């Protein structure tokens, strides 16, 4: 008995041809950053894919992540995927409000207990019992803990949920932390970025949907397919870096010639993300293509990483100890110098003129 | 009063200065100084590495004059110097160092190693760790006036013989003479013809010169053993005599360390510049050569090579005169490899030749191998030099190795070939 | 501490502390060494010492006659790694950037592939020097813990720098942080170990040249 | 004041000579050699490659357009072009809105997507049979 809830069936019901499905799988492979030759494998897996329940919680955030996702430039594929998931709670997108909204969340948590996918954007304030951000009277901290209990896996969308992000930046007034700082017993995928690339969000969802499992992750729990290489590694300006050709200001000859932005503070070399290949705004480009260095937004603590316009090889903070050190060094030096001179003087005073008998013991 | 470790360390504390501190701070243990030292090159024993010979001095420097060293000493992280260690080092500082200064020439960071050996010997001497033969030599110089125990009557005998041989008057204690001549005991005993050669040259140039019955000895065992107080006493005899006679110049003989003692260390020992000029005999001869006063009647026909005594050439700065004078008087001069300031020591400088312990003598002969090679490479069988000490050491070594090589003093060679 | 925090620390407080200690140590040690003074030489100079000290500064940069054939490894290895270090430290674009941000001076650098090559050569030369130190009796005899320690302190920054640039072993950010940390350790150790020869070499050569120059001997 | 009154100078980026095109052409050449030798298909995902501005167009120009051009209308338009190098196909898949969702080069005799799929053939046959089984329209 065929499960009517598999994607293949749903597509067939919508009158979509096998050829169209193959095309869709090619797009999916691109989306998941898998080799294009894997389309047939995707097709086979998708034929059996189920429709998971998804709960999306937004905590201390700016809604940029949701904006990024909903303004995605390949809506058909995404909409196909969203057709495939049951987005049961997303307080920005859902029509329901107030008690009704909260009830739908609680219902979904009950019905799909142990099976639903929990998406989180925003960091979680922990200071003073977490009172700095609440939804319907419940702190984010409590809501996350409750929702995490029944989740099959958690996807932290955006740098705030993944690493604490801007709310956690110095001096972190709300005691903001990442999801992974609170939830320790569930698989967590971090889709960092401020915001994350929409195709990466859908790509991870597609992967979960297709293969029923989370993709391979790096040491910071980010999917390797998208975060495996640095911006610098895939940057089209990399050859200029290797040739030692750097833009020195944003309007010099080097900048106009598209030279490397390293000296202008580009964090590409230490930033793992797919911007350089996946690009933004329907493939229009990415920050470096627009002439601005990478801020490193998909890395932990990018906000406090020493300034966006300071090259990586430059001091992150001004040297403050130099004067004090010089003065101390001079003081120590003068001190030992005086002591040495006194010692030498004493040795001279203690000198007893030697006679030849003084050479014998 | 007697020697003691404490006196030794005290003297080292006096001796350590900014150059020493800079040198020790610069050493990177590259070991290149070993390659410049004949005691290492001929034995291959790394303990003869020049900078290693200075370890006691380095320890005192570090423990006494650096903050970290002082703290380390207080916390017991570094051991204080002991008599036993100094006794061990005696062999390295005296037997196997001729203060030739070749190491100071090669050090890539520029350390003047011999400058420091000289200082370390000060501490070794008053802590009682100088070799006993050197102590005896020093004692004789102070007590008798000469390291070899030569007394004035012996000198008078040499004077008379040379007067007879040359037919020239050798003046003694001539007030107002231009030049006062010094001799080394070795010349008095082994090479008296040097005095005759000088008499001839002075006669030909019409120079008013004199010997002093109060100060005939140019050598200074105090310098060699490293006891400045004694070296000063020895230098003072010459200074008193020369200034008493009112001479303009004092002529340092063909002796390496005598020149060092009088020319470069003397004023510093006395604490004042002299009222006369100290001139090495070859400097004077070269001056006359340039003035055309030194004409030779014929040339020495046998091919010769030249051994440059370290203290006169490399450390004394008489760089060009010896070769220029030699070329004047010989028909064929074949320089050694590493000539002039790069020359290798005979192995007996810096007081080493005075040490007659069997081990030290054997080591000296071994070290001589480099000189032997140098001579053999030139293919000549006549070596000319201008240091009485080198001559003794080299002749002993010739005997030891059964070499059929002749050795000549440059001044005598010149005198023999001067126009009548 | 994650990689970026580590990197931020070494680029910030770590650099501040190490440069501070370097400066403190250099001033202290320079005063400690050069205020010991020396007696004036009362012997009349054969020739005014004049620029002898400066001449020796230059002359000792060249091998002694015959030295090259007697100690080829010490000389060739020594030159290679010193020159290599100088090129890598001063002509690699990110390093120049650091210098310009610290002291405001900038100069043209070399292309990365050239720096890569020089780095490999420098590392090889340093390994050869280490081997020579262990292998050659004189060097082994003279060597103390400090000699091996300072070798490691010099080797590691070059190695980690290369690994960072080439993205080997550790993620770039971590390796870059390790590289900077290694450099900081080097800076801290410089005034208090034989590495200080980088500065006192000038004083030592000058003294030697001056002392012997008065005697008329160019050393 | 309308936007037209503001003088805006548009500068287009020149072609960067950073070498991606040549690298890619080498990869394509290797793919062709493989097809000849083993018949194995190579697929290159152009969206996963870092192109400098202008390089994509440069690649398009270099490969050019060969004898075959096909359009597929299935959840949006797909364009399949055989380039000047037979065996090298350029497939551009768009969604219904016309945005590119996949852009690949396929090195093969004929891209899989052009072939009729057995499922679709079956479905077509079913539809045809259904039509045939209906009573023929009567000619009045």
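Chains: A, B, C and D, in written order; residue numbering restarts at 1 for each.
Definition applied: a contact is a pair of C-beta atoms (placed from the backbone, for glycine too) under 8 Å apart; a residue touches a chain by one contact, two chains touch by 3 or more.
On a predicted model such as this, the values are computed, not experimentally measured, just so you know.
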Taking each chain's C-alpha mean as its centre, the one farthest from subunit B: D
A-D compared against A-B, more contacting pairs: A-D
Rounded Å distance, subunit A centre to subunit D centre (Cα mean): 33
Separation of subunit B from subunit D, taking each centre as the mean of its C-alpha atoms, in whole Å: 94
Whole-Å separation of chain centres (CA-atom averages), subunit A against subunit B: 77
Between subunit A and subunit C, centroid-to-centroid distance (C-alpha), Å: 40
Per-residue multi-chain contacts in subunit B, two or more chains: 16, 65-67
Multi-partner residues of subunit D (at least 2 other chains): none
Touching two or more other chains - residues of subunit C: 28-29, 32, 35-37
Overall pattern in which the protein chains touch one another (line/ring/star/complete/other): other
Partner subunit B, residues of subunit A touching it in the complex: 332, 336, 340, 343-344, 347-348, 350-361
Subunit B to subunit C touching residues, read off their complex: 16-23, 25-32, 34-36, 40, 44, 46-47, 49, 51-52, 65-68, 104-112, 115, 263-268, 270-273, 277, 314-319, 338, 341-342
Subunit B partner contacts - residues on subunit C that touch it in the complex: 28-29, 32-39, 41-44, 46-47, 56-57, 60, 64-67, 70-71, 74, 78, 136-144, 147, 192, 194, 196-197, 200-201, 203-209, 211-212, 215-219
Of all residues in subunit B, those that touch subunit A in their complex: 1-4, 7, 10-11, 13-14, 16, 64-67, 125-126, 128, 130, 135, 138-139, 142-143, 225, 227, 229-230
Parts of subunit A lying in touch with subunit C, wherever the complex brings them together: 219-220, 230, 232-233, 241-244, 246, 262-263, 269-270, 272, 296, 299-302, 304-306, 310-317, 319-322, 324-326, 328-330, 332-334, 336-337, 340-341, 344
